[in-house]
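Each in structure tokens, the structures are laid out below.
The following pair of complexes shares a single chain, chain A, combined with chain B in the former and chain C in the latter.
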Partner chain A sequence: MRARQESRTGALALAVLACAAFAVLPWYWLDFSDTSHWGEYPVGPAGSALALGLTGKVWLLPFVLPLGLAVAGGMLPLGAPGRADRLVWAGGGGLAYGLVQGFALGLKGWNAAWLASLAGGPGPAQAGFGLGAAIVLAVFLLLLCRGLAERGWCRGDAFVVSSVGVVIALVGLFVFFPVGKILASAVQDNAGNFAPAQFLEKFLDESIWGLACVTGNLRCGVAWNTLLLGVLVGAGSTALGLAFALLATRGTVHGKKSLKILSVLPIITPPFVIGLALILLFGRSGVVSAGLSEWFGIPRSRWIYGLPGVLIAQLLAFTPIAYLVLVGVVQGISPSLEEASQTLRASRWTTFRTVTLPLLRPGLANAFLLGFVESLADFGNPLVLGGNFEVLSTKIFFAVVGAATDQGRATVLSIVLLIFTLGAFWVQQAWLGRRTYTTVTGKGDSGVPPPLPKGVAIACWGVALPWALFTVVIYALILVGGFVQALGRDYTPTLNHYVTAFRIDTSDGGFRFAGSAWNSFFATVEVAAMAAPLTAAIGLLTGWLLTRQTFSGKRAFEFGTLLSFAIPGTVVGVSYILAFNVPPIEITGTGLILVICFVFRNMPVGVRSGIATLSQIDKSLDEASLTLGARSATTLRLVLMPLLKPAILAALVYAFVRAMTAVSAVIFLVTAQYNMATTYIVGRVEAGEFGLAIAYASVLIVIMLAAILFIEFIVGERRLGRRGAAGVPVAAGG
Partner chain B sequence: MTMTTFTRRLALLGTVFGAALAASTGAQAQGQLTVYCGVQEDWCRPMVDAFEKATGVKVSMIRKSSGEIYAQVKAEASNPRGDVWWGGTGDPHMQAAEENLTEEYKSPKLPELNEWAVRQWEQSKGRAVGIYSGALGFAYNTKLLAEKKIDDPKCWADLLNPKLKDEVQVADPNSSGTAYTMLATLVQIMGEDKAFDYMKKLHANVNQYTKSGAAPAKATSLGETTVGIAFLHDHVTMIVEGAPMKAVAPCEGTGYEIGSMSIIKGAKNLDNAKKWYDWALSPEAQKLGAAAKSYQVPSNKATPIPPQAPKLSDIKLINYDFAKYGSSDERKRLLTKWDKEVKAQPK
Partner chain C sequence: MGKAPASVEFRNVSKRYGAVTAVDNVNFTIEPGTLLTLLGPSGCGKTTTLRLIAGLEMASEGSITIGGRDVTLLSAADRDVSMVFQSYALFPHMNVLDNVAYGPTVQGLPKAKAHEMAMEKLRLVGLAGLEKRAPSELSGGQQQRVAVARALVLEPQVLLFDEPLSNLDAKLRRRVREEIRELQLGLNLTVAYVTHDQEEALAVSDRIIVMSNARIAQSGTPRELYEQPASLFVADFIGDANIVDATITALHGERAQVQLGPVQLDLPHRGAGMGAVKLAIRPDALQLGDAPGGLAGTVAKAAYLGRQWEYTITTAVGDLFVVDRGRAAARMLGSPVQVALEQAGMVVLRLE
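Up next is the complex of A and B:
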């Protein structure tokens, strides 16, 4: 009964909150740090909807209707006839009207030409949604969900309906809306007119699809370059990751711990830093090149600039991801199957080839896919090492910010990139087929995994050992590089780079962060710290809805949550500019857009790890809690949250690290106030200030390690009533 | 772990988070200013520091190449985020002025400036002013050149030497104002057809078209390329740092840039932008360039010319037509032509 009471007053409280926001809070987007806006309050830029509506912006007044209806509905006792309907109509109507007026009227009046001609004039102007509008519209959404719940949706559980509604609204707004926007801009010319012919012309352009490199000495189209690089990186990182994974789980490795560190390091390294280290090793004046030319007379060359360099850098960066995916899969293979094979007198090699490898298929496919997608989306390494080998991600960037700006062309290139990514998903699904790969069952499995066949073991060692050494050398170089004058030319030890980046000026008594890196450093930490918990919360909530609740349209919903992960970062960046630079949602140039971008880009990892962990937890636990009278929100908080700790940890760590190291998506979204560390470092690398870039990257690596330890401390370990070690979480790769 | 310790840890997290937020939003007593800075980071930073100290205005600065800043200012035109665009080669400033993206302003400091800086202001109809100038040229790595036993290159024509195959580096004019200045310079020296012939031949010797204009100078200093084409002052910066290289002002004559400054139209902090504008034209502000190892010729007559700066009087400067080659139509035409006829060529 208590729960029902809360539900009734809840709807009323929401409606009252919306009324207050409508009457008092600034309706439009506003820079709160600039107090001059408040001079004309309650009208002017900081004016409330009610005041503005009464003083000219009449299209804001109709909100009074749904607001009144909502209050009326909320006052009725629960179950009273008409209450649920009123809430649904108030919420749905208010939301719909809010969006329609927001999209119809922009900074320069009517947003569409046909509306302007219909109204016979440019129409009144308005800014983007601000605090007041956000609260009012959010309340309408929640009221709609409550109304639907009271009508019996989802067994009348308002929390579940609201969660579904909120997540759908967020994904729609921050994934589907920008992606739709970018797809639409592909068929427009530079002035914004509908021009499908131009799309075809741009799409079939020689510079994208040209095959001249096959027939002659010319350059191939950028699409083929990208595809070739992606396939090579996918295959290479999968092979390397498999070697490491087999050694870690099946081999007799003594240094498993160092293997783990080696596997984590590249993930927390800003990706292009690896490219930089490669230049310092293999560039024409690099350490290795110098040695080779002095000792063996091998002439110095520029081979590193182009496909080879980008390939090596991306393999270094993405092999750990493949390793993390594969190590879980190799661990999951039931030794009983392999034992059975050996009992049937198959040799070790036959067993490996016919039993172990086929069972690894899902792992291999996922690892390949991740390597491929990451390679396509990678922007830093091709920028630093690409030389004249151009790929889509850099091409898109210069189509947007280069001297010859052409947004349509950027979109067309983005679509090519999107086609490749979705194509890879499709191929992966087809290759895996409908076979089952289930080997983890509830039954006890006491088998001991067989050792690797000799040939395979030798091959693994042969691949993994040099690669591990290589990685160690790269990181040693990165560490040293920050402390010498100019790597490659002058090895005098110095602290100059750190001083330039992180100087604190105390000359005039107070503290002043005078170093050139402080600005971007604070912004990065701030954005990452805000994005991480939000990402984890929204991701896990979505995972919970997908595994524990049934509602119609669930499959489409699941696909939608994955979409932002499948789309390369460069495309996400462009689409965010297109969608959010003008009202109704005008948030470019703020820190908010960076946070939102990270949250929805990294959310799928939260979703995946949530689903994976939840499917291990028996449903009877939640049912017991529900039977005892707890609401679903309480059950989620008290029963499932503590059990979900490994998933929370994985999502938090991933979201934080990604927010600190991502380049491709944010390079379009950074501004003077919110410059991110990675874009700052890319700029330094481009200008040739390697020492500064490396010093900054080393600091970031240390900060991320500290953050991971801190997050582990905050979340704590999951305690299961088992003997021995508790389940060790395996972070979802990606 | 019980729920209470979990909550306590969450509270701790909140405290740390709040402290980080508080630390990152500083005092904003004298208002703020957003500067898009088009020169090297090493120069942008001291400028911002000195201005903050002198006026108390809180500056947020972002460094980008001049092409990137132009694109950003254009993209943000309906709702500008920046106030002042300081530095970077003059062409994009002229283009922005032409497209009405920047604001007219007559600084009281104008009479103190050199004639070329004022001419820039007049040609842009008061929207851009010269803050420094520097001549285009190339530099070679003396060690590498000696190894190759090539005579010292002195002219643009010497760069076509087949022995320099894959040994010349220059930026891509699509992303770099420096490289566009070279393109326009060659067209003005040789005439358009001959200039494109020259660049096609040079293409065989170019190992990489970099994204940033100063990158070839850095690459030459590191020995990543034998010859780098950039502004002479960029080369001088490397030489002063001890790089084994020599800067050359080509014998056929060469063009130059007028590093410029504009106030962005619709600037949210217009008064502070003007403050910056006047301050940046003063000798005190312009002195900071040399201190930051940027050896351009400053525009205020009273600013001491750094002794390392390449003397404009020793260089055969062409009469660079900024109005014509800064216009967007001409720029677009030349860039498209360059893409088709030069960059797409086989090596």
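Up next is the complex of A and C:
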């Protein structure tokens, strides 16, 4: 029989590791660069749980029980009665107790008033989980999974159960826990007491739902603004995307390659850069405004600030997403259907109207919903261009960081935004999920799609051509803008902006990165480079679990992993502040929280990319490997990983690029030490240093374009199209 | 082969997916060194049964024993069973040798030893010299042999075949199935074999289990199944059969007087009582002629297949499918004909 020694000693090794961590490693969160904590070791801030437990923090001592049970279970031979039960009880019990004591006792003692009154006193205090706690709790989780596997879960495969357990724990901790925290804090007053009435009052506030603009000259509630913008952007981007998609697939275009570039743009463009370019064109001192006032005497105005500006910026930003969705749907229509219609003597126009358009309906609805959700989640453009036109995402931001800080208000606004986006997400999943008229079958289809009817073709060109030109102008402006003194005022060519941002000082013999942007640039690259492999690994592992394994609750698991995509970045930012600013998990202000934030916001990209590739790999390859004695981990490594290389590479680069362009969530989480490129640029825009901002932005765009071209080169050209066709909401919120 | 072949035993095994039962309380034994075929229409549970042996599916109930050892809870990697997949499942990123050496490699054997074992099996299936090729550079038949060599390399106690011939063209199928049978007899292997093709099943098997709707409809040797079908389903599934209504008018001992339209027959009653029964008539038990005495009918359809003619004859007891190997001369559509009945190809079936 094949060796099973490994899994037996594995559990024991884990248990011993946990014991060591419990006895030796610092239990609480610690700044390792500050060595002064180590003076009192093994007690003091760097103390181990065992030492601290024996010297007053008695609530740490009960961990000895599950640890002992785990060692006892691990020492039994595999299959011995009671072994699996012991592991399950040790893992589950230890994990549960760890979380309970962590959440019950905070920096100021008992975390809840009822606990304090029950215990009669403020109670002992403790800091957040540190290295020791993290290892011990992780081991408990793995032991629980091993025990469950030995009880026969997931065909007795410890690796699968552990993967499911770890992904659930991570998604629970970094997606559901923060969102839950927002919901919970909404029904509390600022002192932490349960106050649902106050929530209702805030929720129904006039400033959110007011309809004053319909009846008078006053402003409407921010919720209506947001919805109006979302609907306009959804409809507009769908119409534009359809025009482009029809031309790309049915038109007689020779420039199809350039349309492909259009589809790459939203991925590599930081979301507010379009808004910035619009200011430089149409702002009071913009290029166009200046020209108009000089030559035609049209006075400069601030019309771009407000609904028109945000609308144009978002249309520019999200039309490519609609295009990606629709081009997949248009290609998915079997030409035979249209040929059938034509052989039944329908004219081209009748065929288009009665066959093509109805088949596109689900795609159109999908594109609309995506545009709607993207608009709701967008933060950068309304921030830069909004003026007096306020939307939920910016309102949330100012409720947190503005002069009138009101965390309760921020959570209420977050909930409104969350309801909108999750509602749209739900509609998309529940209603549209079942309504894709897939007409592509496994059978070969030798039909040729008919050309567009003349009227439709002219309409498409009429819409698409000016729009494409406009896009070209915008991007040209972004690239050129960094090389002149000040767009709209002074067109003297200069390298000043680049020098200010990216100067390298070699005067004293060595290299010194003296430019003002280097700091944030390196921090961004560092964080993105750390987040990318983790995102790809967790995403692909989840994709593998979803396509290759069966376990109970799989659908909920899938929904949970994709949910993080539907949560707007601003809401994520607020929720992370609420959840991770206090023990037991106190990581705000560190680079770690930025990495975690990126990993879980971008994970669905990895999941989708993994699912797409895995569903093309015959499942019997895995099974052949299993029957030849390879465990699932070995199978994953030797059989699937080599075949998944393109997906791995794609997930890596997308995770990297998206981490570099994100702004909405991280703007809440950055610190002076870990400033990100995007937030630095936003800061420059707010300070009016447009030249510097645009120079920095174009550097980012060029770097990421190079990254995308690199994977295009390695992976081959289908990747981007499939991503879009799969209906992935690209670049949600940024 | 080092190891003695092992038996496989299913005791009250069921497999459920939610409300759907894929395998319903199945019991059987595969004797060591024999080839057992699981036969049935698609969706009958035969592939699930095979995957239960492999450990790719876990039984919801019951126990599975291989070589006297309970493996019900063991995962596929821990069972001493190999499988040849319908799609062959050759790893596309490895060459032929690495594919075959995969099993010993993941067992932790040194590379040289693994390659040596792989070469031995490649020689056995007649593929020596092709070991450096990629699977995609081989023909379908060669790929199939690589899959067999890969399954054999660990010298498993039990070898499983999941519709191994379905991706081969008709001519090759016959040759490959003979090779599989030769290999099984030569190496004295215990084999479980899944197919939906009854002819293939009859040709290769020691025993056949016919499955229908997640249950075993009948099990036995190929001859037992063909000549003594236990049910309408089996009679219809194994070989072609005309199922017609008949009546038992008298019983005497083992035999019964059966009335089929105007014709009286003397057949074994096989447990059927007086009254209405069904009669399964093999197409080759019917002989077309012009002399009166059989069933009178007219030719409704005729098809020429080279070796034989296939006719559909409309008679008083219903349409009969007849295979005529005798004469080359065609019978015209609509012409009258007499159908003579040969008792050897007929069985009485109780009504269900």
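Assorted remarks:
In this section, the second predicted complex is superposed on the first by the 670 of 734 C-alpha atoms of A that agree within 3 Å, B and C clash if a C-alpha of one lies under 4 Å from a C-alpha of the other, contacts with A are read in each partner's own complex, and residues count from 1 in each chain.
Just so we're on the same page, contacts are C-beta pairs under 8 Å (C-beta built on N, C-alpha and C of every residue); 3 or more make two chains touch, one makes a residue touch a chain.
Computed from a prediction, not measured in an experiment: that's the story for all the values here.
In the three-chain model built by superposing on chain A, chain B and chain C fit together without any clash. Once chain A of one complex is fitted onto chain A of the other, the partner contacts of A:A430 are absent, as it touches neither chain B nor chain C.
Contacts of A:L344 after superposition: neither chain B nor chain C is touched. Once chain A of one complex is fitted onto chain A of the other, the partner contacts of A:R302 are limited to chain B, with no touch recorded for chain C. Contact with neither chain B nor chain C is seen for A:A197 once the two complexes are overlaid on the shared chain. For the superposed model, the angle subtended at the Cα centre of chain A by chain B and chain C works out to 180 degrees in steps of 10. In the superposed pair of complexes, A:L626 makes contact with chain C only, with no contact to chain B.
Once the two structures are overlaid, the count of chain A residues touched is higher for B than for its counterpart among chain B and chain C. In the superposed model, A:L643 makes contact with chain C only, not with chain B. Closest contact between chain B and chain C, by C-alpha atoms in the overlaid model: 7 Å.
Applying the stated touch rule to the two superposed structures, the overlap between the chain B and chain C interfaces on chain A comprises residues 638, 642.
Interface of chain A with chain B (complex): residues 33-34, 107-108, 207, 216-219, 279, 283-285, 300, 302, 305, 383, 387-388, 398, 400-405, 486, 488-490, 500, 505, 508, 514, 516, 519, 522-523, 525-526, 529-530, 577, 581-582, 586, 588-589, 638, 642, 670-673, 675, 683-684, 686-689, 692, 713-717, 719. Residues 54-56, 58, 73-83, 85-87, 89-93, 102-103, 106-108, 150-151, 154, 160 of chain C are the ones touching chain A in the complex. For chain A in complex with chain C, the touching residues are 1-4, 152, 155-157, 618, 620-621, 623-632, 634, 638-639, 642-643. Contacts from chain B toward chain A in the complex involve residues 1, 3, 5-6, 9-10, 12-13, 17, 20-21, 23-25, 28, 32, 34-36, 40-42, 45, 49, 53, 60-65, 67-68, 70-72, 74-76, 78-79, 81-82, 92, 166, 173-177, 180, 207-212, 214-215, 217-219, 221-225, 241-243, 268, 331-332, 335-336, 344, 346-347.
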